[in-house]
Structure formats: structure tokens, C-alpha cells
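Attaching a single structure in C-alpha cells format; questions to follow.
Every chain is named by a letter (A, B and C) in the order it is written, and numbering of its residues begins at 1.
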Amino acid sequence: MSLSEPARQVEALLFLSPEPLPVVALCEITDASPGAVQRALAELGERHGPGTGLEVAEIAGGFTLRTRADLAGVVDRLRERPPDDRVSPAALETLAVVAYLEPVSRPQISRLRGVSVDSTVASLVERGLLEEAGRPPDGGAMRYRTSRAFQERFGLRRAGDLPPLERFELSGPEAERVRLQLVQAGHLADDAAAPDDDTAPQGHAPGAPDDG
Amino acid sequence: MLAPGMPAPDALQQPIALDLFEGPFDLLLTLVLRDEVELLELPLVEVVTASLGENARERWDTDTAGELIVLLAAMAELKARRMLGEPGEEEPDPDTLEAREALAARLVAYAPFQRAAAWLAAQARDHAGPRYRRMPLEGAAPPPPPEEDPGRLGEAMARMLVAPPAPSLTHLTSRRVSMPAALARLQTALGRARAVSFDAFTDGMEPLEEAIALMAALELARRGEVTLAQAEPFGDIAITGSRL
Amino acid sequence: MSLSEPARQVEALLFLSPEPLPVVALCEITDASPGAVQRALAELGERHGPGTGLEVAEIAGGFTLRTRADLAGVVDRLRERPPDDRVSPAALETLAVVAYLEPVSRPQISRLRGVSVDSTVASLVERGLLEEAGRPPDGGAMRYRTSRAFQERFGLRRAGDLPPLERFELSGPEAERVRLQLVQAGHLADDAAAPDDDTAPQGHAPGAPDDG
């Protein structure tokens, strides 16, 4: 089946437009006369007939392409599919850091994760898994905590109801603060941790990349 | 360093901002080889200072230090040859050959990805036209997402608390290399004598310092403060002050 | 034109779904066999031919309906398109490395490219062309993979829908040329790209700066 050029254009426009398009808008966009647009719409009405899955409808002062009413059942099943709302690795790590250290700021999360977390945190707030927890009394960056929706999703009885951690190998002043915080919150045993002083890992040959 | 994922600061990774070119050093070298950037117009001193910088010691690990030295040396050699205009028919010394081979091997190994990038660019051009209807489904709210295992949180956290394997720093020289200092030293030497022999000037220097000294000489030549003369390829370079 | 019932259903689903639908999802929703879904897709491919405004495409892990490429000019008048966000050569090369080696960490990419990829990767994540793919089980650097948006943008049917990398390897003579280029860049051989030769006022006499 071949459509006229204006009909092809109108079809693409009806397909993409989030709202019904009045004839006058179609004329403007396609540079066609009202008559030509009307003919295009007629062509499309014929193309998207009852034997197909779609139809051209005139609603709310404009034209639109939509699925046919008798296909509502199958469309509902599409809607009922569990949304693609999996927790990505990035989201999971960010959630873990916040859950264990809350309240915690984005820069703090970033330092621990080693990557920027701005967009991850923003999207987790949007999804309702994190929420703002105010700024520290002395000012500074906004801190975040996990939400009730987060606890429900992960089956936690309350904030801080988390699996205990066993190893803590990071070193440095910032790491020490993190370690103390984990110990105080009861997530990490006090003796689980202290990184092996200066006998640090020796066995790494120079030039041997290690993250392969 | 705290996070295992925190990338080791890498001298090679520092973007270099030059008038001519803004990008990482290696890419610069590649461009020079493709004749997209004129080697003679590149102030090497800027490349070097931007690469090594003042915090060179903190930035370096063994791998990158090695790579950087090889690349800087190769680049210095290329530039030197262009500036000196030597026909250079003779066989270069083994070290130079080795550095050159290493560089060539790297470029060859990386070439497939550059070609793949070109393929991707063509794909993007071919697929630039279609538009997608990305409208959220209307109607009743979807059912709640499945429940997650809380154990995953513990695992994710644990992975972040594992110490990254520490790179050995034993091969790193603790000597600081400073381009400005090399320039100053050379200028001082030229203040005492009208001409300086490069070999004499660099006697007893580490290879890296020697490379820096060569670049300092090239930089002064670029500024017009000295002239360089080399009787034969890989022979001694006479550095002559051009001020009165 | 009349479609089979499965084709009508699949058409409605492709029209409505905000993301490409894999055959397995189409089977689930329509309760049809993979064969039936494939036949439905073939019917739809015929119905939405070059003479129409739409086409069925296999992209980014599934099937979708989209407007035809030649109509981009018209349909872009409908919506303000974001200013052309071109992918720089450095970003393209990084994308190529990730596409072939995913999941891959920033240090791994850096080592291969020989240059920093931190800011490039960060901006590609920001633009949605790369996404985090988690850390290796034993810890280590965050790894990255290409996103669905990447596949869409580059017309890939799914992750890994790429020509074999061997196809891009340099042939022996080409590799030899790279080596020769290195040699020639140092030696001002006659046929090498001698920069300014004897036409330039000062030639390349030592000490003759060309930019002061």
C-alpha cells in the first residue's frame, strides 16, 4: 500500500504527537492546504481500518492515531506487566551506601562509590526510594536517607535493619570515619576491621593491572 | 585513597589544554602522527608541564609513569628531528627503535577500536532519521514492583569496602621532575657559557631528566632564545644562546 | 487491508509500548507462539512499507514502530528537537571500546585508549549512552556497558549487535604503514609530510620559532 506524500507526513505526525492535532496545525507543519490535509486524513482513515490494530480518531478538536477499542484486553496486559523498575547496579550501590550510613550527602556517597552519583540519587529520590534528610546543623550539602518505600521494597522492618558487614579494608582518614560510623550503627563488629597497618598488600607486581 | 572504584589519578589521563589542541596526550601524539596538528607549532613545554605538573609524584603509578616517559621521549625525538631537519638516513639506536616499536604496537592494537568508532559514526548517520513514540502508558497504575532481597544491599556494600589492590610504587623514582626548573638550569648554564653541549649538560642525569632537558632545549629554541645544532643524528647537540 | 488477529494485537502493542518489545514479551502478552508472533511481525512489516509514514524496526532488544527516516524534517517541526548533541570522536572511540568489551571499567578503557576516559565516561553516562554495570563480585572498579539509548541511536538490534572486531584489525601492510609513519615523522624524508619545506621563510632552521 502506498500513501500520497502528504498522507505519509500526516501519518508520522499523528503517530508522534502526544495530543490530537487540529487540521490547521497539520496544514502549518506540512505546508499543505486544508483540502490536501483532509484528503490525507481520508487516506489514513482507510489505511487504518477495522482490519488493523489502529484507527484515526477525531477527538478534542484534533486528529489522533490510537489503538482500536476491541484490543483493550491485550493492551491491559501490556499495562499489567511489571514495570521495568529493576534496581540497577548503580542504584543498588547507592541505596546500600545510604542505608548503611544514613544520613549521608551526595559528595560522601560519591567518594565511597568512586563515581559521580548526582543523577543516580536524583532518580532514586524521584522513584521514592530515597528522601532528603536535611542539611547538617553547620550547613553543608543536603543529606539523604532511605524511605519507607525502600524498606518495603527490600523487606526491612525498619531503617537500619540490614545484613551485618564483615570486612572493612579501606584505609585513610575518610575511610576511618566511615568505619567508625558503621561500627557505631552496629553494622560492623569493632574488631572486624582495622586495615592491616603498613604491611599492606605487597604481592602486586608493578605493571600488573588489577581490575581485569 | 578510599574507594576501590576511584580511578588512580593518572598523569596520562590529565587532559592537556593547549592553544592548538585540547585533549589527552596520547591522542595528541596520534594527531601529530596523522599530521593533523603541526608538531613544530606545539609548545612541548606545555605538554610536559601539563602532563607532569607539580603533583607528578602523587599522580604517577608505575604503569602510567612508564607510558608517559616513553611517549614524551618519542614525541621529543620526533620534534627534535623535525626541528633539526636532519635527513637521518642512519639506523637509530636500539632504545629509540624499541620505544618506536612499542608506540607502533599500541597504535596498531588500538586501531580496530578507532575503526569501530568510525563504523558507529556511520551507523548513527544511517539511523538519524526515525523518531520513536515514547509515550508512557496511560491508565491504571502498574502493580508494585517485585520485592528485593535485602542481602543484595549487604553484598553491594561489602564490594565497596574491599581494598583495591595497591599498586607497587617501588619502581617509582621519588625525584621530582620540573620543566620550569630544567628551563632555568639550562638558561643558567647558557648565562655562563655561550654554547652548551647537550651531552655535557645531561651527564649523569636519569633518562627522564634527560628527556626533560631535551624538551627544555627545544622549548628555548622555539622561543628563539637558543639555536640547536646537531652534527649527526643522535650525535651531541650544541645549544647556543642567540642573545647577543 | 486486513491483518490477522495476532498481527492486529502486535500492532497495537508496538504502537503503545514506550520501549521496544522483545518477541518473548509479545508472546507472553498475546498468548501466541513465537512462530505466530514472527508471522505477525512479517505482516506488519509489509503493511508499514516504504510507501507509508511508519516502519517496524528491530532495535535495542525488541521490536517497535517508528516514523520513517525521510520524514524526520517534517516531524521535527512538531517538537523542538534538542540542539544536536553530537558525539565527539573521543566519545565515539570510548563507546566503541565499551560496546566490544562490556562490561568494562574505566581503568581498562583508559589503558586501552592510552588516555583519560574519566570525563568522557561521566558525560556518556550523563547522556544516557553508557550505564553502570556493577562491580566485579570481588570488588574493584565500577564497570560500564552500553545502554538501550546507545543501541537505538546507533541502530543496533541488541547489545553486541556489532561486526566482529577482527574485521577492523589492521592488515599487515597497514600496520607496517603505522610504523613507517612513526619513522617518517622523525625523519624528514622526501615523501613524508615535511611541514614547511623550503618555501617557508626560515625553513626549520633551529632556533627559528614559528609563533614567537
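Here is the rule we use: a residue touches a chain if its C-beta (ideal position, glycine included) is under 8 Å from a C-beta of that chain, and two chains touch if they have at least 3 such contacts.
Computed from a prediction, not measured in an experiment: that's the story for all the values here.
Novice: If I average the C-alpha coordinates per chain and also across every protein chain shown, which chain's average lies closest to the global one?
Specialist: Ranked by how close its C-alpha centre lies to the overall one, first comes C.
Novice: Could you tell me which pair, A-B or B-C, is linked by more C-beta pairs in contact?
Specialist: Per the contact counts, B-C leads.
Novice: What whole-Å value do you get for the distance between subunit A and subunit C if each is reduced to the mean of its CA atoms?
Specialist: 22
Novice: Quick check: how many Å separate the C-alpha centres of subunit B and subunit C?
Specialist: The mean C-alpha positions of subunit B and subunit C differ by 27 Å.
Novice: As a quick test, compute the distance in whole Å between the mean CA positions of subunit A and subunit B.
Specialist: 37
Novice: Two-or-more-chain contact residues of subunit C, please, as numbers and ranges.
Specialist: If we look for residues of subunit C contacting two or more partner chains, we find 15-17, 19, 65, 67-68, 71, 75, 105, 107, 111, 135-136, 140-142.
Novice: Subunit B: which residues touch two or more other chains?
Specialist: 4-5, 7, 63, 131, 133, 135, 137, 158-164
Novice: Report the residues of subunit A in contact with subunit B in the complex, numbered from low to high.
Specialist: Going by the criterion above, the answer is residues 12, 15-16, 18, 76, 78-83, 85-87, 89, 92-93, 95-97, 99-100, 111-115, 152-156, 161-172, 174-175, 178, 195, 200-202, 204-207, 209-211.
Novice: Which residues of subunit C touch subunit A in the complex?
Specialist: By the definition above, subunit C touches subunit A via 1-3, 7-13, 15-17, 19, 25, 28-30, 47, 49, 51-54, 65, 67-68, 71, 74-75, 77-79, 105, 107-108, 111, 122, 125-126, 131-136, 140-142.
Novice: What residues on subunit C touch subunit B, complex-wise?
Specialist: 15-19, 55, 57, 64-72, 75-76, 87, 89-90, 92-93, 95-97, 99-100, 105-107, 110-119, 135-142, 152-156, 162-163, 165-166, 168-170, 174-175, 178-179, 181-183, 185-189, 193, 195-196, 203-212
Novice: For a test of understanding, state which residues of subunit B touch subunit A in their complex under the given definition.
Specialist: Against subunit A, the touching part of subunit B is residues 1-7, 62-63, 66, 131, 133, 135, 137, 139-140, 142-143, 145-154, 156-168, 170-171.
Novice: Would you pull the subunit B residues touching subunit C in the complex into a rising list?
Specialist: Of all residues in subunit B, those touching subunit C are 4-5, 7-8, 10, 12-15, 23-27, 32-33, 35, 38-41, 63, 67, 71, 74, 77-78, 81-89, 92, 100-101, 103-104, 106-121, 123-124, 126-137, 158-164, 221-224, 226-229, 242.
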